[in-house]
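I have a structure here, written as structure tokens, and I will follow up with some questions on it.
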Amino acid sequence: MTFLSFLISGLSLGSVYAIIALGYTMVYGIAKMLNFAHGDVIMVGAYVCFFATTRWDLPPTVGVLLAMVVCTALGVLIERLAYKPLRSAPSLAVIITAIGVSYFLQNAAQLLWTSNPKVFTSVVGNSSIKLFDGGLTISVIAIITIIACIIIMAALTWFTGKTKMGKAMRACSEDKGAAQLMGIDVNFTISVTFAIGSALAAIAGVLLCSAYPTLMPTTGAMPGIKAFTAAVFGGIGSIPGAMIGGLLLGIIEIFGKGYISTQLSDAIVFAVLIITLLVKPAGLLGKQTTEKV
Amino acid sequence: MKIMRKASRSKVITYGLVAIAFIIVQLLISSGNISSSLQGQLVPICAYVVMAVSLNLTVGVLGELSLGHAGFMSVGAFTGVVACISLESIIPFTILRLTVSIIIGAFSAGVAGTLIGIPVLRLEGDYLAIVTLAFGEIIKNITNCLYVGVDKAGLHVNFLTDATSLNLSEGGRVIIDGPMGISGITKLSTFAMGFALIMVTLFIVLNLIDSRSGRAIMALRDNRIAAESVGIHVTKYKLMAFATSAALAGAAGALYAMNYSTIIASKFGFNTSILILVFVVLGGLGNIRGSIIAATVLTILPEMLRQFNNYRMVIYAIVLVLIMLATNDDNLKGFLSNLRNRLLPSNLRKGKKGAENG
Amino acid sequence: MDKAKRPETKMVPVPSTNLVPERDVDKLPVLEARNLGIEFGGLTALAGFNMAIGRTEIAGLIGPNGAGKTTVFNLLTKVYQPTHGTILLDGRDTNNMTTVQINKAGIARTFQNIRLFSNLSVEDNVKLGLHNNINYGMWNGILRLPAYWKGERRAHEQAMELLSIFDMQDLAGNRAGSLPYGAQRRLEIVRALATKPLLLLLDEPAAGMNPSETAELMENIVKIRDTLQIAIILIEHDMNLVMGICEGICVLNFGKIIAKGTPREIRNNPQVIEAYLGKKKEG
């Protein structure tokens, strides 16, 4: 029974990672940049939802939608102001800029909302389902998180595979120059990618804080790094890879906490990542590229 | 021999810059013209300078992104302090004990760097970056679970338990207490020691760059395939740069730790690694003098911004982004260089060109 | 360079039915490839490649784009490990050797798309070619021990001497990436020569050069062979250069050798003409 309950919380945490990792991986695929500020967009999303539901007493759905709108706008704004001018700059310059944006979001949040932790109220309440005569308790939020992840994954697969915009995204991630010559508005496509990634980050933020209700300006940092790890784990740039990477990472983390040691769980997660990359240097589903001589 | 002269002149400028800065600060201290908060920052500044110079060896000279440099600082800090406490009765002379501890810290970080480097250095680009990040976090996690004590019988090490199960005999002392880290450290680090460490670091890094091995390291950065084609062993030189860089970070860690009475593992996490990376990038990749200046200025800057209180980190972040935009955005860059051309006489600009690698 | 002035070398067969210049026939061929081939994921890029190079031969490798010429170089230098066949370098089987070992064993190369260490100086580029000939360790360098000074002095002298082949001593202090295109190609050759090879592989050495530069390059390639007594294989599209200085020529098309012989034989070979110009229409 403990195994099953670990598995479900692992899947649930993994789903959150997967949703964040999807944003990471899409942005990486198209802009070839590690967007370190992505984790902090999660935090912003969670704060917006928190204030919408607890301070202004809006219904949870409105709270989530509001968080999505704010984060989408924020993501597009960040891209336009900070990343777009650096499109041809060396990747390290872009990484440092992303880190700068991340510092900015964290410290601005601290100014606006102080560093005192807020207790996030779950958007679906704290109800749970008891199975096997109370032997197994599954929280509703865990189930919703897993379902949300599956829906998002399916929607994204459909979007990138079937729609015109999705095809434009794939074209841009292959070759921006060629895409532009084919009449694709590259800048707009990149903005849409950031918008989708940031909206997903908002959802992830709400789900994360519903399961782990402490909300602080630094709340997004660690999940951000974990999701980044998950994206690399699955093969950065690959949408199914981010999903699988996220789920596996969540499961490994919870099992590591449950069966080995709480303190070492992060080390275990990272060790698995390292071993995976040593065996498959481009991640689980990543494509290995070799330089042509 | 024109290049040789240029390189050595640039080196002399770098050494001179550090020496003059040291002398000025010493004069300020003796005349009492320096604020106590800045005085407290002196040793950390030295440690950060060493960190930045050593990371520049990996990122700027070797050309591989490392996001876990603070991990090596942590290894150096903890082994250095453990060595220092254990050696208390053997080496009573403090400067010598501090030196030995820094060397031990550097050595163990170098070993850690080698052990990590062997498997991971065949990865490239962002994948190498994430693995170094992962190792940094693993080092932090493991140190958090480490319990070390010393008594007459020698060192006791335990993992994942607690301090009481170290079974220390009478008069024994717990050194590393898991997540509580090390407390009750005697502050041995001095500004003079920090200055000496910077000079040693510069000596090692600048001479390495300007030698056969350093050329090989830079060749890997510029074109790995060509380097292999002229018989340069890729792994050997990647590892050389990585391990040297780790060892110097270890030395910086030991110096840093012995400036405080307490250190904990989470001080040396991802954020510290990033902080150092910012110094390196802002100072200029491969530009050692730039790293020194950036590390110094950016450590003092938040102190100077203290009057802005809560806004200072926000300002710091905005400044960081603006600098990156100013130095990399083509439009802004063109505008700035026009401005410079108009403001600076041409002979002044020429003098700046030889500054690379110095 | 007027090609009529240079007498055509007589090519004679060696035991494995390959041809080498008559003067080299008593000596072991510097390189012999037997039935060399490689597949990339089921696609055959090169098959049944046989070639022997005499110790002081200048050989040409020609063929239309995509024929597999650079692939031959990549196999010889172990950028790719061949899936078929053997390569004998100086009589030694090079099976399982790495690129670095191949270079130490005596093959140096240039690249079609120039690969210099562009942020380093011209002199440093050549010194990197001398890397395995000037041997002092990391600590000698850091501590500036006598071995460092001796090694650097020798490296400097040898680098200058090598640069003098192309009269490039004056450029020693320039950044390699800032050189004009032709000079970059020449520097790449100097860097390759610095590794003291037995066999030099030149991948389109005249690409992007004007006719007078090409003529000078031809002179220099022959001069390099004559003074250093090494073998050279070159891939080139400039037929004046190939026909002018190559002794044996090998023509590739679609990953297979379609002709081998002296420049005159190749010029008159109908299959070669067809590969370059297409089939003549009947009637």
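Labels A, B and C are assigned to the chains in the order they are written; within every chain, residues are numbered from 1.
Criterion: a residue touches a chain if its C-beta (ideal position, glycine included) is under 8 Å from a C-beta of that chain, and two chains touch if they have at least 3 such contacts.
Remember, it's a predicted structure, so these values are computed and weren't measured experimentally.
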Centre-most chain, if every chain is reduced to its averaged C-alpha atoms: B
From chain C, the most remote chain by mean C-alpha position: A
Chain B-chain C separation of Cα centroids, rounded to whole Å: 44
Intercentroid distance (Cα basis), chain C paired with chain A, Å: 51
Length of the line joining the C-alpha centres of chain A and chain B, rounded to whole Å: 31
In chain C, residues with contacts to at least two other chains: 79, 111
Junction residues of chain A - those touching two or more other chains: 293
Sequence positions of chain B contacting 2 or more other chains: 225
List of chain A residues in touch with chain C within their complex: 293
Interface residues, chain B side, partner chain C - complex: 1-4, 6, 203-204, 207-208, 210-216, 218-219, 221-223, 225-234, 240, 286
Contacting residues of chain B [partner chain A, same complex]: 59, 65, 119-120, 122-124, 126-127, 129-131, 133-135, 137-138, 141-142, 144-145, 160, 179, 225, 270, 274, 277-278, 281-282, 285, 310-311, 313-314, 316-318, 320-321, 324-325, 327-332
Chain B partner contacts - residues on chain A that touch it in the complex: 34, 82, 85-86, 88-90, 92-93, 95-97, 99-101, 103-104, 106-108, 110-111, 225, 228-229, 232, 236, 261, 263-264, 266-267, 270-271, 273-274, 277-278, 281-283, 291, 293
In the complex, chain C residues that touch chain A: 70, 74, 79, 111
